[in-house]
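Following: one structure in structure tokens, then a few remarks.
By letter and in written order, the chains are A, B, C, D and E; residue numbering begins at 1 in each of them.
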């Protein structure tokens, strides 16, 4: 197990390294330099800033430096905010993103599981139809549209939640909801399929024949077994939440990394784009790793020692 | 006894390992040697996971043997390259019938195309008419209505499907057929149909069979000689009657004692013999002929006793 | 002997795309206290549906259209779902065919075995686990105390089937329904399981309904045998009667198609030709008629009633009608008759 | 137990064995697998409805030039931001009235549009007909979807089959690549691509091509692993069939349900993707419309001109819901076990 | 809980259009940074509305030595930590800005101050800069040559003092975090890190003019989404919504709290005359200009935030030294206004003639522009107009982020480009100089000798003669407009919504607002 985790962590760094390299060279492909209004700088000034950013070195050296810095947790400095280390930038904006991200994941997962389970238990009834419809709706409305609607009705019209901005828990409710719709839909649909499968399995029959009531069968056996595969979609879910947060943070004016990412794009802030790319990838790989480990812990059938693969 | 017969398949020290070098290495077949003679039915029995299917699949080269030799009509086929002409020829000479009547036919292909696949590959039909005609003949041979050749497999019952599988194997005119548990998935009432068919075909065409099965009474019935497999090794090999009347290996004895017999009287009085792996296996043992035509996996001391 | 279970005129239908499948078309049987009743028949004949109807564990698209299932005189079909829950796993329990998939993969086997106790009896968890351990020992799981904490995948097929049996008997049920409990197992393991069931029956005195399509297994375990074909019973009687004095051509076919160790290669096997009827539109007459070498004109028109052979032996074939012609059964069956005759005479002596 | 009934004696005659020998007839009606799938699909009302809706949308997109009432890019700035108006029918929301500083005014009259001028879904900020733009936008979004599907089919399937069929070291290597590609949130790959290439359809396609096939490849690989152990594949091998033939004759047909179902997920994903890119400003460039650009423009004007968001949002959601439900329906239809 | 906050009299909440990029006055380049520096720092002067009033300097001084020396007497004011603000703080700040190691983009604005250009070029030490602390409270600046607009420059944030110990402590990160920053302006920025989406400024009691400051707290919130901003304003979460984008501006124009402020900025199109002889043809440039209906653009796209301008010099930045007439109202300029107006027929005609004259075959060009919402719409509109009236023209839009646009402009990677120029100081010169031959900001490389001469003359021979200088600039503008060397689109306006109870919120000529005088009722 430890060996397996260590190997996975090694892979994690390998993957990150590859991602970092690809990103680095992609960014180098971009024309021009990061300095706005170069024309306004004297050649001497330019020389000095370039040296500051290490851009006077050959690309290969820059690459070595960048990768070297990476290992020390240094992602370079932002072009948009002169001299601000990207790591610091990410650090300052991490908390809100993590909070709404986590909330959205939790809400999405819990309600998705409930919705999916109910649909599966009441398979082919109107309850199922309704639940399916809700989950598909969740999948079908772009988060930015949902965000706008939530803001307009729940906040602006009915004053239930703050319109935007980031100050207390209240203000995280709407962004969370807007973000949770997609994972909720996904989890619910996945859960339903799994649960329908599980409900028709032999061990559920056996559980029924032991005298478990329908409710007991569901809570003691079906739910747990259907949940295990649901764990596998946490990774993709994390991605959808990450990307969704880019727009949702923008709309609700939340100072998160998603909003920063979009801004970095519109300001050509390459170091920040690179940094965030690597950071997002890191998060994702980490989530996948944790999910895999969890999966092994939750599901007794999976022996991580055997490679942990299908 | 063996001299006057012609071996069609000779298996020499065949080893088939999986996941070599990994923690989950499996020695599915572990140093197995035997001959199959022309025209006979060679039965292979043993518990689940003992390596019967693997042996069969290695012989027909679905796997590349880890080591050892497989001679087919005297020619070593264990090292044939996949796309070589020799391999292609070999592919028409040896065929296989599979266990699962549901999984062994491609659900998306019509019966006609399933049966004709071999014809197409080996160019055995010159044109479409000949192809159709051949398929009709084959269907007739397995007692299926040739009109049904445009149907899809799922429209047939298990027994019928198994016969389609037989027709497919027969299409390329093989001399040797490996039947891997061809009847274990079938209903009792239908098993006999298939077994009878296999025997009729063997008689008509002078085929040689390797018949893998669980069901010992059926194996006894169909086979001339029987090999008993246990944990990747053949532990005993002899004529069918000999095996049943004079089992020498404790595992064979245990196996025989467990066969249920549809006769309440026998059942009520039978004694089961338990088999203990660790007690009966050790390093000194090897596969040797202890009586004429009767081979046993044992140490030399034991062998001497029987000789 | 007391009848603890009495099934009367059971009809079960399934609604499907193609129409209604009449899976069970009037089944009557009973189970005596302490006996083992074996139900044999080929795949799809309705064995599982019959016994599942007893526990009311049928698929959602099933409906029991007619009949009664009397357990100690009470009709189980009229009970509420809650009352049924109280019976399941307690008074009547069930063993399923596939040991590989019958156990919850995410629960330790100790908990799974103890579960019926916790559901039905007001016992503490510790007591239940203790009892589970005893039962696991009883069914022959070595070192049960330690292994209780293991998960199903850590056991072999035979062991898993033993665990499934342990679950079924942990609450000393009156009736144990075993639906092909050994089909997926090796012969040697199968033999062990059958021995185990026999042994258990003696120890806890439960009545067993044993389903199989393997006549050899039936011969080893059953007191009485019922033969099923296309949703109906065609013959039933004591194990000796059915094996040595079979009356129904289908039973003949079954017995005749199995080679015994004495059948030589020269004897051609006898097979039952054709395929079972489609239960979407069951035939009006005897469902077996199209495959029956001894079919009579009447078979195509009218379903045969049960004819009494002895007090305990009945068969549903027109051949037993006084007006029916005498037929010569297959050789192997004749041998069985002879054996029975000899045996009866010996018995009389 | 039962009384032996009275039956005429002549009925008890043995039937001629010849008459009786069961001919090997097939009980089931002759339906090919696909016919069966079709039957199952069409008996699912929801899926059928979705199929029809999608069919209509696709048809309208294909024949956009004939169907669209206006040139989608023709500006008529005088008529900008007109609310929907459906002829002279006075349907609320479709009567050309607009809330202006608390008063309902006839926006058409206000801009001095002659009688008979009407835009069913209103106009946008440049006075372009929204309906026409939505029709063309849908068309563009569907093109993205179709191209994404092609990528799935042309990269994902071969990749998955090779990986699954070859197994061993080849598989390990190919899977490592998949692992890396899927460890980068795909949207980020796309964004990176869009920054480097210039925004546009080609870039979106290249971006999708780089990442979109991964799920398909994974599924196909897993399925191929199972299929290659299927006895009919083994049978083909014992007959000497070549790998490519096995792939085309045995694997792909049996992968078809997976392929179709996965495609049903690729399509909405691609459409969503494009919408998202447009929202963060790196989607299809002006003046061309896609559902994404329309939505993102509409979203910004939502406070005052809600119809500009509602119309594309409803169409997008409709496509999403329909493909999702159709996907469900197809999954059930392709699964012979789901016969209830 | 209710999302509607109660409104406090002491606190002003403002929705800002973007975050603060830096609070380092040496490095700041944008309006947001400028606004917040104006809020928190005090330079020599400060604009109060249009009027220049003394800040740390005790009075607005006149130059001596032929306009080459300025001597500023300073008041005894304090930094927010109680330390005195001295002339040395100015000297330090200015030297720091021109020091090439600081890499300030505004170093060039110091050119004209003695040695400034040489220092930026790395040829001289920053110590040689022509700025001196005669004593703690007297600052003297020496120029190489008179700078006519020098006094106005002194209100720019670039010329504010910096508290040296803060820089010493924070190093490169000075201006990125409020922690450790010391202020001498009306407010103090607290708990702020760069890139924060909201920030708070509290009243600075140490500010020399603190008793005039009514507000106790100013809160800024960035909301990029137009709906969000408006929803915040409408639910009174913010008291003021700034920089409303075109589309929304158009919709909220009927709010009675709507206002718009003229900005010292113009948008214009440059054509790449280096790449295409085609664009060196005057008729072609005029045709382009004639093809665009700026009225419609303003009304429908910009929501009335783009006012007419005849030339690239916007209105409201300078007045005739004798008549007091606005620069844009000079008759000479009005006379060429027609060249910057809509005339589709003429456009088509000139276009065809131009094509004939130049023999241009390929009429596919790209139009580079910004990728903000309004810019995109505006470019789309321009594309539509030009394609409509200029036969054969095929325009591809290339909307890119601001920095990319600058980059493309600098490297000449465009065919046509929509450029905006924001005055560095309120004087026509800031606009006119960029179109002179060889100027780095002259992206299209338009060149006209006569024009160059007028512009040059205004800064040299006529530098000290206000009227002569004025006439030079007017003449230059006339030439530029007639030639359409740059094709003016509009002067931009900033649209805002301000609650009725917020008073005295006045724009200054450099685009910032002076919060000293703002109060709430």
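Just a few scattered comments:
By our rule, contacts are C-beta pairs under 8 Å (C-beta built on N, C-alpha and C of every residue); 3 or more make two chains touch, one makes a residue touch a chain.
Keep in mind that what you see is a predicted model, and the values were worked out from it rather than measured.
Any chain that touches chain A and also touches chain B is listed here: C, D. The minimum number of touch steps linking chain C to chain D comes to 1. Here the largest set of C-beta contact pairs joins the chains A-E. Rounded to whole angstrom, the centroid-to-centroid distance between chain B and chain C, based on C-alpha atoms, equals 32 Å. Inter-chain spacing, taken between the CA centroids of chain B and chain D, is 48 Å. Chain B and chain E have Cα centroids lying 90 Å from one another.
Work out the mean CA point of chain A and of chain D, and you get 25 Å between them. Annotation for chain C: residues touching 2 or more other chains are 60, 273, 275. Chain A has residues 148, 152, 250, 265-266, 268 in contact with two or more other chains.
For chain E, the set of residues touching two or more other chains reads 225, 227, 231, 371. Listed in rising order, the residues of chain D touching chain E in the complex are 73, 75, 77-78, 80-81, 100-101, 125-127, 198, 281, 285-287, 299-305. Of all residues in chain E, only 225-227, 230-231, 247-248, 251, 254-255, 293, 296, 300-301, 371, 373, 376-377, 379-381, 383-385, 388, 396-399 touch chain D in the complex they form.
Of all residues in chain C, those touching chain D in their complex are 15-17, 60-61, 273-275, 278, 289-302, 305-308, 314, 318, 321-325, 327. For chain A in complex with chain C, the residues that touch the partner chain are 123, 201-203, 205-214, 216, 220-221, 224-225, 228, 298-301. Against chain C, the residues of chain D that register as touching in their complex are 1-2, 4-5, 7, 9-15, 17, 20-22, 24, 27-28, 40, 43, 339-340.
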